[in-house]
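We just call them A, B, C, D and E in the order they show up, numbering each chain from 1.
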Amino acid sequence: MNPNDYLILSAILFAIGILGFLFRRNAIVAFMSVELMLNAVNLTMVTFSHVHGSLDGQIGAFFVMIVAAAEVVVGLAIIVTIFRSRRTTSVDDVNLMKY
Amino acid sequence: MSFPILTVLALLPVVAGVVVLLMKGRAARLTGMVVSLAVLALGIVAFVAAARGTDLTETHNWIPAIGAWYALGSDPLSMTMVLLTVALVPVVLGAEWHVGERTAGSGGLPTSVFFGLALILEGLALYCFVSVDVLLFYLFFEATLIPMYFLISGWGGPRRRQAAVKFLIYSLAGGLVMLFAVIGVGVHSGASGKSSFLLADLAKVSFDGSIGRYLFIGFFVAFAIKAPMVPVHTWLPDTAEQATPGASTLLVGILDKIGTFGMLRLCLGLFPQASAWATPVVLVLAVISILWGAAMAATSKDLMRLVSYTSVSHFGFMVLGIFAVTTSSITGSIFYMFNHGFSTAALFLVLGFLVHRRGTADINAFGGAQKTAPVLAGLFLVAGLATLGLPGMSSFVSEFLSLAGAWGRHPVYVAVATIGMVLAAVYVLRAYKRTMTGPVTDQVAEHVGKDATGREKLVLAPLIIVLLVFGFFPKPMLHVIEPAARATMSQVGATDPAPVVKEGVK
Amino acid sequence: MISTVFSASVLAAPPLEVSAPTIEYGLLAPLFIIMGAACVSVLVEALVPRESRRGAQIGITVIGLLAALGSTLSSWSGARYQLVAEQAIALDAPSYATWTLLIVFSLGIVALFEERSGGTETAFVASASTVPGSKLEREAVAAHLQHTEVYPLMMFSVLGMMIFASSNELIVMFVALEIFSLPLYLLCAMARRRRLLSQEAAVKYFLLGALSSAIFLYGTALLYGASGSFSLGAIDAAVSAQPGSSKIVLAGMVMVSVGLLFKVGAVPFHNWVPDVYMGAPSPVTAFMSVATKIAGVVGLTRVLYVGLGGLRWDWQVMLAVVAVATIVVGSLVGLVETEMKRLLAYSSISHAGFILVAVTGAFTVQSGMAKGSFGSWSSVMVYLTGYALATIGMFVIIAMIRRAGGESTELASWAGLGRSHPWLGALVTLFMLSFAGIPLTAGFIGKLMVFTAGWRGGFAWLSLIGILFSLVAAYFYLRVIWVMFFRKPGHAAEDVAVAPLSIGGWIVLIVCALGTLVLGIVPQPLIEMFDNASTFLR
Amino acid sequence: MNAYVGLISMLIIATLFVCVMIGVNLIFSPNRKNLSKHQSYECGIEPTPQPVGGGRFPVKYYIVAMLFIVFDIEIVFLYPWAVSFNRFAALGVFAVVEMALFIAAVFVSYIYVYRRRGLDWD
Amino acid sequence: MSPLESALFGTDPWWITVIKVVVLFVILLMWTLFNVWFERRVLGRMQNRLGPIMNTAFIRGMGQAIGDGIKLIFKEVVTPKGADKIVFYLAPVISGIACFTSWAVIPLGGEVSMFGHQTRLQITDVPVAALFILSIAGIGIYGIVLAGWSSASTYSLLGSLRSSAQMISYEVAMGLSLAAVFMFSGSMATSDIVAAQAHPLVFGGFNSHIPGHYWLLLLPSFVIYVITMFGESNRTPFDMSECEQELVSGYSTEYSGFPYGMYYLAEYINMATLSAVCTTLFLGGYGAPWPFNLIGFLDSGWFGLVWFFLKTQLVIFFFVWVRASIPRITYETLMGLGWKVLIPVSLVWVLLLAFWRTAGAQGWLASPVFVGAVVVIVLGLIAFIMFGGSQEEPPEPEPVVFDAFAGGYPVPPMPGQTLPDSYDIVHSETAEAAPAGAAAGPPGEDAGPTATPKGAN
């Protein structure tokens, strides 16, 4: 396998994540973009792990997964809370403090 | 170890000031006055002891990691300033005995607060004058701003708060530029981080080349703002106009001296090369200050502004004397710093009494006050004459000395500067004429009906006495001051110019 | 025997070449204590009846923190420095020093968490899951409910910060980053009043925080790719071995720094700071602004100095630019703020900038620091200590100044308080002066050291910019003093009252004030302490 | 040959089958539209607001999803440990104590959720 | 060697793989038809009736199911108004694909000779085959969730949410129960797991020749698996997602034509899949049961298929049997069972197992101290389970303090109502929250304005 392909793919995924975060106004979509970024990182790590022939990267990916899950739990809790009080998940509507 | 008289001298007013702040009413006033008199006594003792050659130096490790020392010294220059400080404060306290009641209508704070702050200011200023560690000096240089800020904004005219902010911003700006220089001194005094801020240690370090110049500029800007020099003087007139006369006296009489003091101590002392490099500019600025201050004073319509502009002019003389770097010019400047404290105090206070009576500081609002308040008018005249440097007043001696000393090196500047002396006569006498002489206007008759009270006379008397005494017998003071000038000269490594004047010595 | 039954049924597989990792439980005791205390707190939440929870939580939290502090100090005084847990965690002097600071300040913040300001309720929401303004919420408020979960959340956060500051591996660092961030996100959403703002703050903080940690992680992955290890030491070795810095390493460095700078609140990653500071409950804001900053800065220095020391010439430039931007933006925007918490937020941004000056200087033993002097790290720590003292003190005061409906944080509503409550005015003055870096306060010593360190590291111009802009920053601190003492109380200041403070609050306030003063006058012991603790284990 | 070829061929055949069948169905199916046929089923009355684009459902399901994530992640760590458990001879007690601690940590939050009635479905 | 290339399955030529896939596919379809018939017939028998009249169609009615399927192809496909069309059609596709794919890793038999090639009766095996099955099951849930969501119908949505919540809940317990299996087998590859179960039980040195199937060794895990099996397949007694009385037909309410048939098919294949997994993981897979394993040829080659299908059909029979005998339980019982019983029990079981084996390996079982400690712990756990069962009572709502401003303007208290303490009334400036009972400016020298209730003026 050619690791470069995987690295490029993960970089593209990561970039899509960033762009999605920056340009989508829905909090949940923005959040999913972040998750996409984390998974792109996982791909990078596993690829490098393969390149170096060490397990570190794969173990790293495990930790990233668990952190991503924790982030989902906390993040969705917050987003759901604000959705319940505001009935919207658009980040543009979240603007009480922009005065 | 001997008695730490300098520490006691400086710390006593600070502690007492805090105590006074916590007290109320008459007790606070009395305590404040007693303490200030005690400090005066202590200051005189210290001055005499130092003049006799007793070493009052205190040196303790303070922050070894930074290289800062708790180091106090008692050289003649310091002690002269100490004497000025301890002498002025009781006078100011006496003059502002009722400041709280007087300004209560305009939201003034209680008198006790004024007394406390004044004492704290005195202590911090004393620390400034006696510290021989750059960081310690800087520390108190900045710390004085806090009580001064409250002194200005607490009592006085309606726009005093803006004035106080202006003062603070200017001073902080200067202070921070100086902080830059202080840090630079620290960094360059130790190659790999083991720095020292002790003046004695710094004297061994050479700040040559561009770094010395940068640091010099840093210090000089701070001091130029403090000793208001054109073009960074604009805060002073506003402040003096709005502040209560006592606060103005403390500000101009004591605090601004830290500027000229610092120029002597740090600018000349640490960066002789950079000083020589900067002298032309500094001298030009000094001369401009002299003329601009005088001109503005002459055209000023507000008595307090007028006094403050005279100070701008006088500080110009001092700076001129300092940067001329001859023994007599420096001696003159130091003596001038001393005298100016008293003369300007007298002027501020006496005008303060008048203005308080009349209710406005507008020159045009007066007229013929001589007749209704002859004693005050007389005191005004004496103070004014002292300010313009009439022979027989101590100001004359110092002004003459500094100009004469500077003549040896910079005749052109001196020649121009003398115009300032002429203008001084114009603005003082004109102000006197417009306010005191002429027909008594109704308003003056109504408001300025009461002549000087006993307290006012008591307050002004010492000032006038000092001005007269040192005008006729300057010898004792000069005897003390001259070694200071010589020490500075040797630090700079300069010698007095040959008696025969040669153009373009520099 | 059944055991033989079981063993016989096992597939005969070759044993793995795995040896048990060495975990130095004794040395890691502070972490275990905090973790244990937090878990016990959660159990208390679950098993103890509602009315006795509060006391139990405070007890556990305080005892846990104190025990951790004692354990940290004993390890520190015994100079037990080593890389532990398979080199994942560096127990060196900087770690111990940071832990000590974190725990001490957290203790202070516990008092803030518990502050009721004379009323019956803390700053935390009665029931976070109810919709603001709903009937359920009113019922929860009427029932005097309150979330005592904030204590375990705080403890987990402290745990994360402690690991973060001492982690010697980027993955551990990432996990620690999340351990301390996630509870903070939740805490942010738990303000009792102005809940919509609070929730909004939490969403912002969370989204941006998640983004930044993802970027940090990508940087981590790239550094791993370049060096074959997550360990800072190995990264350093790999980076130093290469003659020129490769693009992948540079990219990794930048991205890791982005993540860390976000936590520190540096421009251009500062957008969250004002909103979050304003929206979060004040005790949480205090916690964030103090503890997060300490952990973030220490993490940043550790990564840059230990892991990327070989790239100094590259990151110094980057950091210098960030520092300038941070200082400029923090100071200038702060000028127009009229809300105390936002003002403190911009203040915190500009302070981050000043700290970065020293970090940029990177004046360390490696770059020629003499013994007995101080370098970047100790200057930063002294600065942080001073900053933390003043910040916590200010937040105690913010908790005191109230009106119907909660804290009154509009600056205009503070008008005249200095006169009606002189001691309050004096304390605010003291803290503001410390923020502004006026001599005789801790803030001054910090500024002096930070700029000196920056200059010694060869960044005189950066120090100059820092100094010039501290004047600008000073203006908005002084404005607070001005408003308190000299502005006439207008409409905004009507029905503003100064609430009585609990004993804990008083103690914290007094300790902060005294600390600010004492540190400004005799800072030598503290400087010496941090100075002796400034060598990273690598 | 790669072991995943089998998987992929299975996937392809399944996809083909499903798509073809649905395609055939779409082709052969009669097309007799009428309005009520296309309304979503709700006992013949006008349907309530629809989930597509703004519909909402009880937050309870969200809690289940979150709990699922927590325990699924636990499983992520449990499986590798379980698979290699036989071969952990050198680790001895460490292996089991470590997992016990991990499970205990998860249990702490489990107890919290349990006691706070997070697992009740009312 | 990369783990992706398994030694066993990397050797098959491509055509053998294709043959195996196609054959398996056909078997699955046929078997589903059979199962439909089987269920109806068995249910009929168990309820002491004939069942639906379909005896005439083909071989005692087996043709009926084929007919049903073919009929669906010619039925109209109705797309509800407001449905998300793409997702609406994607959902059954996902379900359909997912139900087939798991079979790729299930071993149907041992090694045989096929057209001169030694190969195994299993399409492929990967080291993480069990994980693969679980993840495909997870993908299957998408089919259900998306169906409910895209149908634009309340019944569909609720049905899909219910079933997905149920499935993920039971998936956790199922996953945990499998951990014990992996602990024993030391592998997640299905073929290894089957092979591991062929090892005979040895009682203190005496080889009983009884194969150590895991249902025997890991009885608790097996029980848990069987229970979760029902949850996963949405079948009685856990078929809440489509209980007609509440939700019409659950997530598939809006489906018609072959898409509906797809769900029907998927349900039956899933049932078969779960039974097959059960067979593989717990019942010894294609291995012959005791005492047939004593006869060599019965336990090798193509005979594996027989054992495998027998065992699987047995489990399917069990499914039907349960459906016939146990009524549907309520949803809260269902979720409670999953979360409050199955998950903790399986976690504790896994831990106990690990402790037990470690203790055995360390030789502690001989020590009475250890045994005593174990007893204490077990008792403690039982105590915990009893104790943990008691839940916190919902908070006693305090009498609501009378809020004079509740409606925005002051009203006097009614008889029996009292004005609250002064600082309990607080009127937030923000319009969205005006709760009572918050403490603001407390009484004190400075709190003049707040200390007076505003109702006074």
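Please note the rule applied: a contact is a pair of C-beta atoms (placed from the backbone, for glycine too) under 8 Å apart; a residue touches a chain by one contact, two chains touch by 3 or more.
What you are looking at is a predicted structure, and each value in this text was computed from that prediction instead of being measured.
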If each step moves to a chain the current one touches, what is the fewest number of steps from chain A to chain E? 2
Quick check: which two chains are joined by the most contacting C-beta pairs? D-E
Computed over C-alpha atoms, the centroid farthest from that of chain B is that of chain E
Nearest chain to the global Cα centroid? C
Hey, how far is the Cα centre of chain D from the one of chain E, in Å? 9
Inter-centroid spacing, chain D versus chain A (mean Cα positions, whole Å): 20
Averaging only over C-alpha atoms, locate the centres of chain B and chain C and give their separation in whole Å. 45
Please compute the C-alpha centroid of chain B, do the same for chain D, then give the distance between them in whole Å. 82
Shared-interface residues of chain C (touching two or more other chains) are 10-11, 13, 132-133, 195-196
Touching at least two other chains at once: which residues of chain E meet that condition? 184, 186-187, 357, 361, 392
Give the residues of chain B touching no fewer than two other chains, as numbers and ranges. none
Residue ranges of chain D touching chain A (in the complex, touch as defined): 59, 62, 66, 69-70, 72-73, 76-77
Which chain C residues qualify as touching chain B in the complex? 363, 368-370, 372-375, 378, 429, 433, 438-440, 444-445, 447-449, 451-452, 455-456, 460, 463-464, 467-468, 470-471, 474-475, 478, 482, 485-486, 488, 522-524, 527-528, 531
So in the complex, the part of chain C that touches chain D is made up of which residues? 10-11, 13-21, 39, 42-43, 45-47
Quick check: in the complex, which residue numbers of chain B touch chain C? 61-66, 107, 135, 138-143, 145-146, 150, 153, 161, 165, 168-169, 172-173, 176-177, 179-180, 182-184, 186-187, 190, 192-195
Applying the document's contact rule, which stretches of chain D touch chain C when the two form their complex? 84, 86-92, 94-95, 105, 108-109, 111-112, 114-116
